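As written, the chains take the letters A, B, C and D, and residue 1 is the first residue of each chain.
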Amino acid sequence: MSADGPPGRLFKNISAKIASIPMILTAVVVFLGGTLWTVIYSFTDSKLLPRLNFVGLAQYERLWSTPRWIVSIENLAIYGILSLIFSFVIGFLLAALLDQQIRFENTFRTIFLYPFALSFIVTGLVWQWILNPDFGLQHIIRGLGWENFTFNPLYDARLVMFGIVLAGLWQGTGLIMCLMLAGLRGIDEDIWKAARVEGIPTWKTYLFIVIPMMRPVFVTTLVIVMAGIVKLYDLVVAMTAGGPGTASEVPAKYVYEFMFRAQNLGQGFAASTMMLLSVAVVVIPWAYLEFGGKRRG
Amino acid sequence: MKRRALAAMLTGSVALPWAASAADLEVTHWWTSGGEAAAVAEFAKAFDATGNHWVDGAIAGSGETARSIMVSRITGGDPMGATQFNHGRQAEELVAAGLMRDLDAVAEAQDWKSVINPPSLLESCMLDGHLYCIPVNIHSWQWLWLSNQAFADAGVPVPANWEEFVAAAPALQKAGKIPLAVGQQGWQMTGIFNDLLLGLGGKDLYLKVYDEKDAEVAGGADVAKVFKALDDARTLSKGSNVQSWNEATAMVISGKAGGQVMGDWAQGEFQVAGKVAGTDYTCLPGLGEARYITTGGDSFYFPALDDPEKSKAQEVLAEVILSPETQVAFNLKKGSLPVRGDVDLAAANDCMKKGLAILKEGNVLKSTDELISPDTTTQLNDLMSEFFAESMTAEDAQKRFAGLIESAD
Amino acid sequence: MIAQQSIDARRVPEAEERRVIGMPGAARASSVSVRDLRLAYGALTVLDRLSLDIAEGEFIVLLGPSGCGKSTLLNCVAGLLEITDGQIWIKGRNVTWEEPKDRGIGMVFQSYALYPQMTVRGNLAFGLRNAGLPKAEIETRIARAAEILQIEPLLERKPAALSGGQRQRVAIGRALVRDVDVFLFDEPLSNLDAKLRSELRVEIKRLHQQLRNTMIYVTHDQIEALTLADRIAVMRGGIIQQLADPKTIYNRPANLFVAGFIGSPAMTFLKGRIAERGGASFFEAGGAAIALDGYQGEVPPAGREVILGVRPEHVSVGAEGAPATVDIDEPMGSDSLLWLTFGGQSLSARAPAEHGFGRGEKVGLGFDISKASLFDPRSEQRL
Amino acid sequence: MANPDMLATTLAATDVMGRAEPRGARPRKTLSRRNVMLYGVLIVVALYYLLPLYVMLVTSLKGMPEIRLGGIFAPPMEITFEPWVKAWSEACTGLNCDGLSRGFWNSVRITIPSVALSIAIASINGYALANWRFKGANTFFAILIFGAFVPYQVMLYPIVILLREIGLYGTLTGLVIVHTIFGMPILTLLFRNYFASVPEELFKAARVDGAGFWGIYFKIMLPMSLPIFVVAIILQVTGIWNDFLFGVVYTKPDTYPMTVQLNNIVNSVTGVKEYNVNMAATIITGLVPLTIYFISGKLFVRGIAAGAVKG
C-alpha cells in the first residue's frame, strides 16, 4: 500500500470484506430480500403461484378477522411466556444444582441434555403417546386405583397448549441448563467468598449477585429460546396437528398451511409479514444495540 | 393400439414400439396407508411392465404435506414425472402457468371421451379445451361404516340409516363403545358435515350451497337441520382420541367404535384387516339416506418436462393407468370405483357394488373439491374442527358457515 | 501547547557513549515522530492534535491514569488503530497507512499475548516465518534472543507451562527477534507481582542499555516511569501534559495534575496568596507565611492567589521554623511521614524514623523552596 | 454489559478455553440433609427426563400383542428385536420397503457437507465480526440475527425461487446452501462471541508479527477454538440430521434423508399403528446425534461457556 495517503475506503480491511461476502449475501439477499419479497406479495391476491395483482390491505383485513389467526397468536403468546419462564427457571435451577460440586455431574448433565439431540418430530411423537388418555399416563394412574384421575391435555382445548409446553420444555431445558451452567462457571470464585464472608444466604447471592452478573449468558439464551418459540411448528404438528379443533394452532402453521394447503399465497404472505415485522421491530434495533454499539467486544 | 398395449401388459413383452424408449419416471403421491400402498403397487407393476421404471415418491402424512412439496418442486423447476392431485381446482394455476403438459394426443388416441364415466370427471381435467390430467378413480365421501360386532356387543341391530344410528348410540355407550369414531383433523369433520348436508338435505340443497354459493340458503332452516345433526355427531364422537382417519377406521374394525363417516377409501382398511363386507361390517352409502354420491377422486398431472424420453414415458404412464386391467386391479385394492364405464368389476365386494349401482343410476354430483377453492375448503375445515373441539352452538357455527359461503370462490 | 513547548527542552541522550551489543542494526538511526495525530470515534475524540518526537535510542515512557489515552497512542504508533487525522513517521518514513508488520516495530503486551497453542520457539518464530525468513536465520535469531533473555531451557515448552515472569520474558523475546528499531511496551509488568516487577524492570533497563533501541513504554506506575525513562510524557484526557526528563518532571511539574500524579507520598498543596514585605515575597495562608526566596521560576506579584505545592521530603520538621501541629504519624520503616496542620491546612512532611514528635505537639517547619512549585489556581499551570 | 475488554485481557491467553469445574457454593462432604435434598431433586428430575426414552426403548422391544395389552411403562415380558429389524430394513413407505437404511446414507451425505460448509462460513463471519470490524458489519449482523427468528416456513417460497434462479433447485448443493444459510445466524453469534473473548492483545501481537486476516484465522484462532467448534458441530449435526422440512422440499425420493423416511414410517399406518416399529425407528434416527452428545458432552459445556458467556 502507498505510504502517501490513506488507502481507498473500499479497500480497507479488504480480506475481511471478501470473507464476509457469504454473510452479506445471506443477510441482504435471503433475509432482507426474502422479507421484502414476502411483504410485497402480501398485498396481492396470489393463490397457488405468486402474481402481482395488488389488492391493497384485503389480505390483512381477512387475516385479522380470521378466528384461527387470533387463536394462533394467543397460543404463541401462551407458549412463549410459559416456556420462557419455565425454561429459564428450570434451566437455572438445574444448573445451580449441578454446580454444587456433586458427584456424577456428567451423568446428570447428559440426562438433562439428551432430549435436545432429538428432533421435534420425535419429541412430539413420544409425548403424544405418553399423554394419550387411553394408554398413557392417565390410563396408568387410573389403573393404580385413582379412577377419577384426569390428565388429558392433548384432547382438551383448554389444556392443549400446556401439553405442548410440557413436551417443549422436556426437549429444550437441557440446552438452557448448559448455557446457565457455563454462565455460573464464568463467575469469579471470589464473588462467592465475598458473599459468604458477608453472610449473605446462598439464594440471595444467586438472585442479587450472580444472576445480574450473568447478563451476557441470559442474552444469548434469550436469543436461542425466543428464536425457537417464534418458529414453533414441528412440535405442534407432531403432537396435535393444531387440534383439538384449532385449539393449538400457531402462526408458523397458519403461514405454512395457507401457502401450500389452502393455496392462498397472499394470505400466507400477509401472515408471514405480520410475523416478520413483529420480529424485525423487536429484534433488529435490539440486536444493533446489543451487538453493535461500541468498540470490539 | 389399445389392444396391443393390453397384450403387452399381459405378456410382459417389451417388444412394442412405445416401449422401446425406457425411462425412469418419478411419481409422487400420498398413498401410504396399507390399502393405498397395495393399490398404487398395481400402477407401478403395470408401468414397469412396459420397460419403463416407476420411481416411487410417496410422501406420508396427509395430502397437505405432500401437496406443498409437490408445488414447491414444480415451481422450483425440479418437477417429477407425474404427480397425484385431487382433481378439481387444486392444480388450476399450475396448468395456467404452463407448468403442466397436455395429454390431448393420448386422449384422442385412446378415445377417453367416450370411455370415461361419468364424463364430468374428464371435464374437470380440462382447461381451455385441453386435457391436463387423468382421473384414476372415483372416490365418494358419502359412506357410513358400521361395525357389526360393536352393535352385537351392545345388543342392538345394525342401523340402516343415520337416524337409527343416532338412536342406537346410547346402547353403544352403555356397552363401553364410542358411537362415532372421528379423527381429530378438520377435513374429516368437514366430510361428516358435507355427507349430512347431502344425505339429510338432498341434492338440491347441496348444489344451492356449494355450486350457487347461496348464503341465504346456507343460513336457512334446511341447513340448520344439518347443523343439528352435526351437533349429534359431535356428541357421539366424544372420547374418540385419534388423529388420522385410518386410526379411526381401526377403531371400527376392532369393534371399539360403532361407526365412522368416511369416504370409500376406508374400505381398503377393512380389506387389509381381512374383514368381509356384510358379515363383519356394514356400509351405508349416502349415510343410508339420500342415495347420492359425489365423485371426487384422485387424478394424475404431468409436469412439462424437457427430456423427450420422459415425456414419452409420461404418455405411456397415462395410458397404462387408464387401461381397463389396471383400473380393475387398482380400484379393487383401493376400494374406490373405476373411472371407466366399460370394465367388469365382478370381483368387487358388496360395498363397491352398491357404489357402482348408484354410479349407474347417474346419481352423481361434483365433489366439493371441484366446487369450492382450496382456500374456502381450508376455512371450512377450520370451522368444523373448531365446532367439534369446542362448545360452539350449532347456530353460531351456521352463522359462520353462511358467511363463509358468501365470500367463497 | 504544553507538549509542544516541552519538545524543545528534550534531553538528548548521550549517543556517543552507547556500547552496541547484540542485535545488528541496533545502532542505525531511528526515531518516531507523531504529527498532529487525531483519533475520534464519531463524536468522541480520544486523541486531539497530538505531536511527539522521539529521538533515536531514546527510552520514552507514556505515563498517566487509566483512560488517559496512553495505550491508545501506543496502538496508533503500532498501527493497530487506524487514526482519523495526522501522520506517524518512523525512521524518517511516513508509515501512517502501513501495516503494523511493515513499521519496523516490536511490541510487548500486558497480558503477554503468547500464542497458547505454540511452544515458546513457535511463538518466537511466528513473526519471522510470516516475514518469510530462511530457517537458519530464524534459528540464529531465536538462539540469540533466548540467550539475552535467558530463556533457552524454556524453548520447547508451551506458554501454559510458564510462570508469569517467564511468559513476559518470552513476550519480550518475541519483540527482540524481530530485529527492529522501535520497541513498544504496553504495561508489560502490570500483571506481575511486586517482586517480579522490580526484577524485570531492571532487566528491561539493562536490555535498553545493551541494545540502545528506541523504546516507547506505557505504564501507570510512576516508579517504572521514573526509573526507566529518558523522558516521560505525562498524559491526561488524550493530551500530553508534560514531556520532560524524570528530574524535571519531579521537581518542576508543569501543572497541578503532573505535580499530584508524580511522587509518592504525594505532593501537598496549600492554598494561599502572595504577600510582599520589604522587597521579599512570601506565601501566606491562614496566618502562616513561607518565604519564597530561591523559587525556581517567576514569583507573581503580591495579592495574587496561588497554590503552593511542596513534596514531603522538601519539608523539614524541627523545633524552629514555621509553626505547625502534628496530627498523624505514619512510620514507613526507613523514615516517617508526618501529617501536620499548617496555617489551617493539612500538610505532610518526611521526618527521620526516630523523630520523637508526638500527636498534638507543636513543631516548626522548614521549606526547601527551590524544589517547591507555585501554581495558578485557575489555569493550574506552574508559575 | 460488563466490559468484555477488561474481562478478556485479564484472562491469560491459556485460560480462554473456559472452565469445566464446578464453582458454586461448596457442600459439605457428608451425607447431610442438604445433600440428600440435592441428590433427591436431581434424581427425580432425571427420571422425568429419562421417562420418554425409557418408554421408547421398552416399547420398541415389545411385540404388538403385548402393546395392545396396555401399560406403556411396563417392561417387556418377551424381548423382541423384530421391530428394530423392521424399522431398519423392512418398513414400507408407499412401494419402498427398505425401512430407514436407505435414508441413513442419504442423511450422512447431506449432513457432512452441510455441517462443514456452514461451520466454515459462520466461523469466518464470527472472526471477521469480532476482530476485523468494518463499516456496516454490524448492520449485516443485526439482519442476520433477525434471520435467526425467521420461521423456516416463511422463507420456503422465496428460497424455492432463489434456488430456481441460480439453477440449484433439487440438487444436493442447493440443500447444503439452504442449511448453511439457516445455520448462519446462531453459529455466527456463537463464533463472534467466542472470538471476542480471545484476548485482543493476542490478535494485536499476531498483527505486529505480520499475520494477516487469514494468517491469524488459521494459525492463531483456529488452533485455540476446539471447544466452540465442538459446540457448532453438535448443534449443526443435530439440526441438520433432524431436519425434515428442507430435506423433503429440496430433495427427491432417491436422496430423502432419514427423517423423511421416519415421518413416512410413522405416518403410514397399516390399519393399526405399529408403535414398536415407530419407536424403534425413532431411536435409530436419533442415534447419530445422541451418540455425538454422549461422547462430547463435556466439551459441549466448555464450548458453550466460551461462546455464550462473553457477550
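Going forward, contacts are C-beta pairs under 8 Å (C-beta built on N, C-alpha and C of every residue); 3 or more make two chains touch, one makes a residue touch a chain.
Chain-to-protein mapping (UniProt): A = Sugar ABC transporter permease; B = Probable sugar-binding periplasmic protein.
It should be emphasised that the depicted structure is a prediction, and the values quoted were computed from it without experimental measurement.
Counting steps between touching chains, the shortest path from chain A to chain D takes 1.
Distances between chain centres, each the mean of the C-alpha atoms, put C farthest from chain B.
Averaged Cα coordinates give chain B a centre that lies 90 Å from the centre of chain C. Rounded to a whole number, the gap between the C-alpha centres of chain B and chain D is 41 angstrom.
Between chain A and chain C the centroid-to-centroid distance comes to 54 Å (mean Cα coordinates, whole Å). The set of chain C residues that touch two or more partner chains comprises 99.
Residue positions of chain B touching 2 or more other chains, listed in rising order: 68, 72, 75.
The set of chain D residues that touch two or more partner chains comprises 156-157, 161, 212, 263, 266.
If you check the complex, the residues on chain D that touch chain B are 92-96, 156-157, 160-161, 163-164, 167, 169-170, 248-250, 252-254, 260, 263-273.
Here chain D touches chain A in the complex through residues 1-2, 4-5, 18-27, 38-39, 41-42, 45-46, 48-53, 55-56, 70-73, 121, 124-125, 127-135, 137-159, 161-162, 180-181, 184-186, 188-190, 192-193, 196, 200, 212-214, 238, 241-245, 259, 262-263, 266, 275, 278-279, 282, 285-286, 289-290, 292-294, 297-298, 300-302, 304-311, going by the rule given at the top. Against chain D, in their complex, chain A makes its touches with residues 9, 12-13, 15-17, 19-20, 22-24, 26-35, 37-38, 50, 94, 96-102, 105-106, 108-123, 125-127, 129-130, 135-136, 139-140, 143, 170, 174, 178-179, 181-187, 189, 192, 196, 202, 205, 213-217, 219-221, 223-224, 226-227, 230-231, 233-234, 251-253, 255-256, 259, 265, 272, 275-276, 279-280, 283-284, 287-288, 290-292, 295-297. On chain C, the positions that touch chain D within their shared complex are 75, 78-80, 99-101, 105-107, 109-117, 126-127, 130-131, 158-160, 171, 174, 178, 186.
Across the interface of their complex, chain D is touched by residues 26, 28-29, 31-34, 37, 40-41, 44, 54-61, 65, 68-69, 72-73, 75-78, 80, 244, 246-247, 249-250, 253, 269, 272-273 of chain B.
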